[in-house]
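Here chain A shows up in two complexes: once beside chain B, once beside chain C.
Our next item is the complex of A and B:
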């Protein structure tokens, strides 16, 4: 197990380098000129003179070749300097990230809890009452939730709960004088919408895995001893079904992060996803690289945590106590 | 007789509705087992022997159509509610499932599973635990170490002994062992038979389902031979192994390595298209025209036995010539 953790952590820098290279290459190949975009944003007009743009490019090192720029960025990163953001003018990228991180962690954490709890409850119900209207209903909703685009669901939720019903705020964070800077009722719509986009997968996975495990000999053995179907399902089948579930949870973290970009933008959530979109639109290379790298690190760590969890939960892969 | 038999099966028919038609798994065997009795049910896969065990527990899948009667201690199993079935399984029946390695929950310790058995069977926690420890100890396992272990840390033989200990915790009236020697080495067969006979000696009725004739020989009691869902022969085990009456039983015994290892020609019947007559007719060396038109009746044989073959008397000389010239059978119609 320690060996696995070591290998994963050692491979992390290589993964990050590859991700950074790919992101940089994509931005380099994009038709948008960072200098033009920035100058246009500063002056409020599109047609800034060529001299102004050149001066700006020279000041920021944008006149160097692509590999030179990447190398300069890379050497700075190894010194802990992620560069200076232009989307949030003049502020170091590290600072921007740290300011935005809590909101995103809060959103992702709340969504993850919703996904894990609801998918277990719904999946267990569907498996227990297989073939009944409960099962059919859960499966239908899961398919709809999975295949409906999350931005569409978000807009629908805003329309219904905020505009038509007026029960929940349509976006923003509310009174920033609270401890986290966010009022919790502002969290409900974004977190739920983000959760729904993943909930279907997880619910169907729990249901199908449970039904598979219900056919296991040891579950049948429990029933042959007189255990009820519900009891056998929860005590015997569920612990076995949870093993692959943990891995799935780790593997789906990137999708949640990806979903957060759309959801944060729609709800005006002050997190990294919203920032990533703005950085991409304004060709803020240092900021975007940093966010993408952060996402890569989270993905690797999420998978690692899931694998550690799997090994701790499964006695067959855990070293037996002497 | 005032006390009902532990197990009384009459005309039990089980069909499965499947996508490609109806599969008949059992076609009305009659079997009876009294307290302290021992019945070995022998058959190949597809003979209906596992369906029989599952039907006794009322645990057939929902696409099974069951008719006839199965009574455990006078309680009807066919058509019983799930509540009644649970009570019956909990209070009177113990199953020793096939495949000891998969019958224990891989992510729970043996101790956890022992406590679950005690809880499920509604035994007194202390007495139930003590009983299981006693059984583990009697089978040569350390209760403390075994309780701490996960199933994968035990050998196949140890897992088997754990299952047996768990099954005895509640002093069941009926113990069903499904392929108890499945996957075990030959030297463990005798040990398993001895442990099973101990169960019988406590007064429980024992039903052993197996394809292993060596296990039947080690157990004794009575043996019933199933084929294609039909009961073909039932006799006391030792006479049956010594002087099998039905051509199929003869074939099974002839297929044993020490009896020349002559396998029965042909393959087991297609359960979704069973022939109208004797299910063994297409493979039978003694087949006559009327075998394929109507299912033969069971005829008494020996003191208590039954055989479902009107020509079994003629079997002796025919089987001898059959064994001498096995080449002919390759061209026999399937």
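Our next item is the complex of A and C:
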């Protein structure tokens, strides 16, 4: 087990290095001229003189060759310096990222809780009342959640709850002077619409796995001994069904990051997803790369935690090598 | 006739002749889904004849009119007919997504097939590359790729490539493990023992299985490709406004929505949803048919 953890953690820098290399290679191959775009954006005119452009290129280190730029980036990163943001002018990238981290952690955390709790509740309900209207309803909802684009559902939710009903705010974070900086009711729509994109899946998974496990000998034995159907389901079938659920959660919850880009943009959420969109629109590659690398870390850690959890929970895997 | 023969339902032994009979045997949900897919594909294919794009005019007198007979999906904030825009948007969305899914399936099939068939060092190197791509968040990494490759290839190719490059890994893994398991099956070993060449084994025994798996991953990939394409277009980083996809339309609809025009959001996204759900239903059915044991591969 320790060996597995070590191998995975050691592979992480290699993976990040590969992504950075690919990024710089593509930047190098691209005819896109960052300096010209920045100058045009800053001065508001396209025809800035060549000297101004060159000065900017020199200031950003863009006049160096591709490999030199990569090397400079790499040595800076190892010192914890991600450079100066272009999207948020004059502020170090690390600072920009840290400023926006709490809002994203809050959003992802809330969505994770919603996905885990609701999928278990709905999945158990659907499995317990298999074939009933409850089951049909849960399955229909799961289908909608899985196949409806999250940004579309989010917009419809904004229309229904904010514009038409006026019950919830359409976006923003409320009064920034409150203690958390974000009022809870501003969190409801973004967190729920983000959660729905993964919820359908998790719910169907719980339902199907539970129904499979209900056919296991020990569950039927428990029922034969007089346990109620609900009791057998929760006490005998659910623990076994939860094993693969842990793996699924570790592998799929990091996917919320992708949805967060869309959801944060819709709701004007001051997090990393919104920042990623802005970085993409203004072609601030170093900033976007930093966020992508962060996403990779989260994905690898999610999978690793799931595997560790699986091994801890399942006695059969405990003594197996590696 | 044996006892087992008697137990079979007579229906099972009826020879499969004609596409109609095959369709009639499908589960109801799959029939409906197939119907929806066919209708939407035809609508996208014949969009220029059904509702020519040049009939779309900015009509400020007909701003944000609700759905009616002349404009079944209403009009947007500048009075353009949404039904026409949706038909043409569907065309763009489906073209890009299908292209991306094909490239992803072929790329994954080729790489996974190579790794599985050659093995050894090639396999080890391929699997390390797979690790790099598998560690990425698809949408976020794809966004970086779109931004980087757009100046090189233009938006359409950049989005197609970005979706393909972020989605080939699952296909490669499936094809590789399929080939690895096939390689040790008795019928393949028998063929090798009987002196069959590598090419013969690959063509006669490996390819038919792999093609099935590839077709299935293609179907399962399509909804994902649509989500990614429409997502990037929604952010303003995908299709250009001149080739507006359904994602662009949903993004544009935000203005209408604030003015109470729910139809401008509901219909473009709704068409997207219905198509993805139908394709997903067919994909789920295909997966159960191909491998009843694996349940949790609905996504990729």
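Operating definition for what follows: the second predicted complex is superposed on the first by the 302 of 322 C-alpha atoms of A that agree within 3 Å, B and C clash if a C-alpha of one lies under 4 Å from a C-alpha of the other, contacts with A are read in each partner's own complex, and residues count from 1 in each chain.
FYI, contacts are C-beta pairs under 8 Å (C-beta built on N, C-alpha and C of every residue); 3 or more make two chains touch, one makes a residue touch a chain.
Computed from a prediction, not measured in an experiment: that's the story for all the values here.
In the superposed model, A:201 makes contact with chain C only, not with chain B.
When the shared chain is aligned, no partner comes close enough to touch A:72: not chain B, not chain C. Within the superposed three-chain arrangement, the count of touched residues of chain A is higher for C, of the candidates chain B and chain C. By the document's definition of touching, of the two partners only chain C reaches A:291; chain B does not.
When the two structures are aligned on the shared chain, A:151 is found in touch with chain C, with no touch to chain B. Of all residues in chain A, only 216-218, 220-229, 231, 235-236, 239-240, 243, 313-316, 320-321 touch chain B in the complex they form. Residues of chain A that touch chain C in their complex: 11-12, 14-15, 18-19, 23, 26-27, 29-32, 143-144, 146-149, 151-152, 155-156, 158-159, 163-164, 201, 204-205, 208-209, 212, 244, 248, 252, 254-255, 257-259, 261-262, 265-266, 276-277, 280-281, 283, 285, 288-289, 291-292, 295-296, 298-300.
Chain contact summary for the complex, chain B toward chain A: residues 57, 59, 82, 86-87, 89-91, 93-95, 97-99, 102-109, 116-117, 120-121, 148-150, 152-153, 163, 166.
Those residues of chain C that touch chain A in the complex are listed here as 131-132, 135-141, 143-149, 151-152, 223, 226-227, 230-231, 234-237, 247, 250, 253-254, 257-258, 260, 262, 265-266, 269-270, 272-273, 276-277, 280, 295-296, 298-299.
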